[in-house]
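Shared between the two complexes below is subunit A, which pairs with subunit B and subunit C, respectively.
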Partner chain A sequence: MNIRKNSEAERLSFWEKLYLPEIAKGMGITFRQMFKPKFTRQYPEEVWIPTGSYRGRPVLVNEDDGERCVACGLCSRVCPALAIEVQAAETDRDKERYPEKFEINMLRCIYCGFCEEVCPEEAIVMSKDYDLVFTSQEEAILGKDKLLVHISKLQDRLEFLRQYK
Partner chain B sequence: MPHIYIDDKLIEAQQNKTIIEVAFENGIDIPHFCWHPELTVAGNCRMCLVEVGMPKKLPNGAISVDSSGKPEISYFPKLQIACATTVAEGMYVRTKSEAAINAQEAVMEFLLINHPLDCPICDEAGQCKLQEYAFNHSKGMSRFIETKNHKPKRQSWGPNVLFDAERCISCSRCIRFAKEIAKQDVLTFVQRGDHVTIELFENKEFDSPYSMNVIEICPVGALTSKDFRFKSRVWDMSFNDSICPGCAKGCNTKLGVRNNEILRIEPRANPYVNKFWMCDYGRLTQYEFVNNNRITDPYIKVDGNHKKVGLDEACSEAANRLKQFNPHQIMFVGSAKATNEDNYILAKFAKHLNTKNLDCLKYIDENFQDNFLRCADKAPNTNGALQVGIKPDLHSVRIEQLSEKIATGDIKAILVMEETFEEYTEIFKNLSELKLLVVLGYNHSNLTSIADIILPASTYAEIEGTFVNTDLRVQHFTPAVVTSENLRFMGMKMSRLDKFGAFNDRWTQHQVRNSRQSWKIIQKIANRLNANWSFRNSHDVFLEITHNIASFKGMNYELLDEFQGLTLGKAEKPDPKVRNYESHYMKPN
Partner chain C sequence: MDIIWILLEALIKAVVILNLILLFAAALGVWAERKVSAWIQNRIGPNRVGPFGLLQPFADVFKLFMKEDLIPKAADKTFHRIAPIITLGIAISVYAVIPFADDVKIGDKIYQMGIAPDLNIGILFVLALTSVGVYGITLAGWSSNNKYSLLGGLRSSAQMISYELSMGLALVGVLMIAGSLSLNEIVSKQDVIWRWNVIFQPLGFILFLVSSFAETNRTPFDLPEAEPELVGGYNTEYSGMKFGMFFLAEYANMATSSAIIVLLYFGGWQLPFPADWLGLQQGSIALAVAQFINFMLKIAILVFFFIWVRWTVPRFRYDQLMNLGWKVLLPLALLNVLLTAVGIWLLK
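Then we have the complex of A and B:
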């Protein structure tokens, strides 16, 4: 398309150039909105709970008899951001390994979900937590105490994975 | 010499060799589990099945040819195992034909039927021959839906080896190793069919000094090291070539490092030194002193307390104080544990100062010796130290006299390089009489606690240099662990974790020690006493050694690497190069 009229003034019609009618139009929209239903969420008073497909911070699945993770290190290997550190140790349980140390650096994590995808034990899943606040870099490195979440709280995600993974 | 065709490649084979050997020597790898070049042929895994045939002969003895003029080959209807079939004149072998590939896939499917596939908890994962073949030589699926056979895990075979019966694929490599190489025939198969497993004879233990080699040759994760178990994933480690300093044999090794810490030591093939093996002692003892209790900074003793100082300050102090003594009052203690380069520079320094008192401790232990690898000389470089000049002459003070000479006041100052005098306790009685004790050491020890000046020396794992082994073979090695001096060492492999860490990653908070290769420290001291040396790296030092010391003539690091070591005085007659067998290809390094 050839734009022949080059300045703003040239493109505007006479009524537009007057401005006042336009202002009135705008006020009209504002006025109408005031009586329509609101969709603003009063966060943080009103918390949004995502569905199972949401990729929040990765957490470790904890069953009644302990974590599922066997410290195979695959999540740590696949993590493109090098966020995960796993140190394995031996246990007496049937699955001989367990993570003596499992840390995710949430400043590195990009919520890609690769760790969840690669895990052979379905031991690490993306949770619904999105509101992470830290006051220092150290605090952003989450250890097992913060990562372990009981399986009952992760049912939505596990169900989602069962269906779509 | 029979001429054979493997995959249409004409090969002149040696008489009486098997197909797999001939193929290997000519760069063709036939999949196999049980075959190992140093062990007898067992022929029990069936992974090496290949098609073998001979040209069809006409009744008149001539070879029948097809319409295009190529000889017609009649292949045996049954496939043959390449590891137990010897080559014959005119033989044709197909390793990648449809029949061979089908056979490989079938064998893999069989092997995996009862295999637990617990790779996530298996230490072998990432270097496993079974994983590798499952990827390259199998269909990637199983038709087996019945329940797998379970066998006991975690059975102890001896002080260092654990056995997981489920993962074993019954290749018998370990049994043959124990019998043929370790000469400790204590392992055997028991049961049959899919219940087969390996047991120790009653009241026996697999505690041979070489027991841990079965861990490497085991194609799967059935055998694990009690020492290493679960310390790290193999892909998180880097493997740099090194030499074991445990004894004068100088077994070629690889150092597995993560987070700047040696986690395990494993043998590296060298047909002229250690073949594929090393002893458990070397594996288990030669990393502790690198990882722990290190001297990381120079110290000077001020009013009885050690004060941390900069390297320049410490070297100036050493130089200033050495100046105050007569040459014959100074003793230099070199080390059979240090490289030729370090010892050479120490000897050069002694000469510069006109001191003849130059010697090193010997570590002879007849009990350590056996008739396989371990030798009585428990230091890696006694021969080298002597060659480059660490030896007293007729009138100078020998190390055995040192204690007494200190007592009489003949020796007033000592510079000790990479020694702790741990086994020479007698000397400690008199050491306090010294006016000056300078110690270049790796670890804090009884000796460093009384030293006047402590200088942080790098260990064998952190430097480039050469050792001369018991058979007078000069072997070159490069660093595996990072220090502040070798941060950018050319060609040094580092694991992903070591490379990419940032300051806020907790996993990367490893220590980069501020230690120096001994000769660099000595050069610094010497230059403060007008020596004006300008060696930049070990290459330079070695170059001078090859110029000044006849037996090293004609050597350089590149040649030493190329031929995996050269014998003293025979640089122009190296041992022939061979293709080294590597059991597990997938292994990162």
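Then we have the complex of A and C:
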């Protein structure tokens, strides 16, 4: 159809130009919305549990006989936010190397997931933790004690990585 | 001696009414606004502070008290300070003439339920005050020395001029029917539901309603503070409790407009049915209480309506607003006066 009327006001019908019936219609819609079910999640009481695809705080995978990490330093190298610090040391185990010191500064981390992507050992993965609160800058630097998480808790993410990585 | 008692009585009434209306109604208004907007958007709304989040507005105001009060360097300090006081002060002072219930007789003394409800130019007083209220906003906009604030202030005055006119003219119909400017008189003429002015004055009512939306700067006519175009409009440069005063004034204004609409078109404090159906005596305290509750309920419904409209209708464009005011509302208001005159003349 060719639109010959060039302004919106000219295209409206008489009743539409009166505004009021249309406004009444709109108000009917909003009134009905008031009784619809709500979407709000009462957060601290109702916690949201993400799926495996969620990129939360990066953690180190801990197996029964120790961490997987071989302290190659690739994650530290790739991290765009320079959040990771790794110091390697030797060990008697098969892997020969392990991180003596492994720190992630959570105030720098941007949850990009590059560390996870680059790791040759699948030793660092993104977890589901998202409510991270710190009261000082020092506290935000997580050492190995906080980073090591047992593999059984990371199955969702490992499964996700196996499928999509 | 007498004059002291009269002054004392007025003072007590003023304190009671201001506390009740301002603190309570404004706080409830803020709460209702947040709740209704939440419901319309499928949310729950504030529910943490107090039961059903009822104490939320107090928490908000407390927060505003704690905030730093910033005044821009280039602002006109005096007027910057005065503007919110004017706005809030005017919004409150309208309550001086609003009657809350019928006169109560205790012993042989008659008490009026309101500060000065029998003022014989009541409605003129209201109109005069509401138009002074715009000075607060315009001054706020001008004294902030900020282009957005100034635009907001200017818009507000332009809007006031174009809507005050049709508002006043829409009123004339009611005044012709009541034959008086006193609010008490206008109310006492509408003693049952089928004698409410809204039935005789449907057109006048709609005109008055639309103009009061413009008058209170509520959406769809909230151009003075149009956030997307003007940052915050006239209150861009305000913070802390000064901003809080504008905020409270908006809700006080809304309650005022609702009260005036109720008084003029919905029978004010008059019950919708004859008072003897409840078995209450004229002039008794029980009846006054019933009327007061009735009046407050009507106001609450209208305030809900104001909020409901705000979360439904988008903002008008500035030229649409002006067109509506001058080309539509004004002629219709004149027509309404004419129709009322003809009606009264025919029925005489």
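We adopt the following convention: the second predicted complex is superposed on the first by the 132 of 165 C-alpha atoms of A that agree within 3 Å, B and C clash if a C-alpha of one lies under 4 Å from a C-alpha of the other, contacts with A are read in each partner's own complex, and residues count from 1 in each chain.
Convention: a residue touches a chain if its C-beta (ideal position, glycine included) is under 8 Å from a C-beta of that chain, and two chains touch if they have at least 3 such contacts.
Just so it is clear, the model here is predicted, and its values are computed rather than measured.
A simple residue count on subunit A separates subunit B from subunit C, and the partner touching more is B. Residue contacts after overlaying the shared chain place A:F31 against subunit C, while subunit B stays out of touching range.
By the touch criterion defined above, A:L20 reaches subunit C but does not reach subunit B.
Of the two partner chains placed by the overlay, neither subunit B nor subunit C lies in contact with A:R55. Within the superposed three-chain model, A:G73 lies in touch with subunit B and out of touch with subunit C [touch as defined at top]. Once the two complexes are overlaid on the shared chain, A:A89 sits against subunit B while remaining clear of subunit C.
Of the two partner chains placed by superposition, A:K146 touches none, neither subunit B nor subunit C.
Touched by subunit B in one complex and by subunit C in the other is not one residue of subunit A. Listed in rising order, the residues of subunit C touching subunit A in the complex are 36, 38-44, 206, 308-309, 311-313. Subunit B meets subunit A in the complex at residues 118-121, 125, 153-154, 229-233, 235-236, 496-497, 500-501, 504-507.
Listed in rising order, the residues of subunit A touching subunit B in the complex are 70-74, 76-77, 82, 85, 88-90, 95-97, 103, 105, 107-108, 120-121, 137-138, 141. For subunit A in complex with subunit C, the touching residues are 20, 23, 26-27, 29-31, 33-40, 42.
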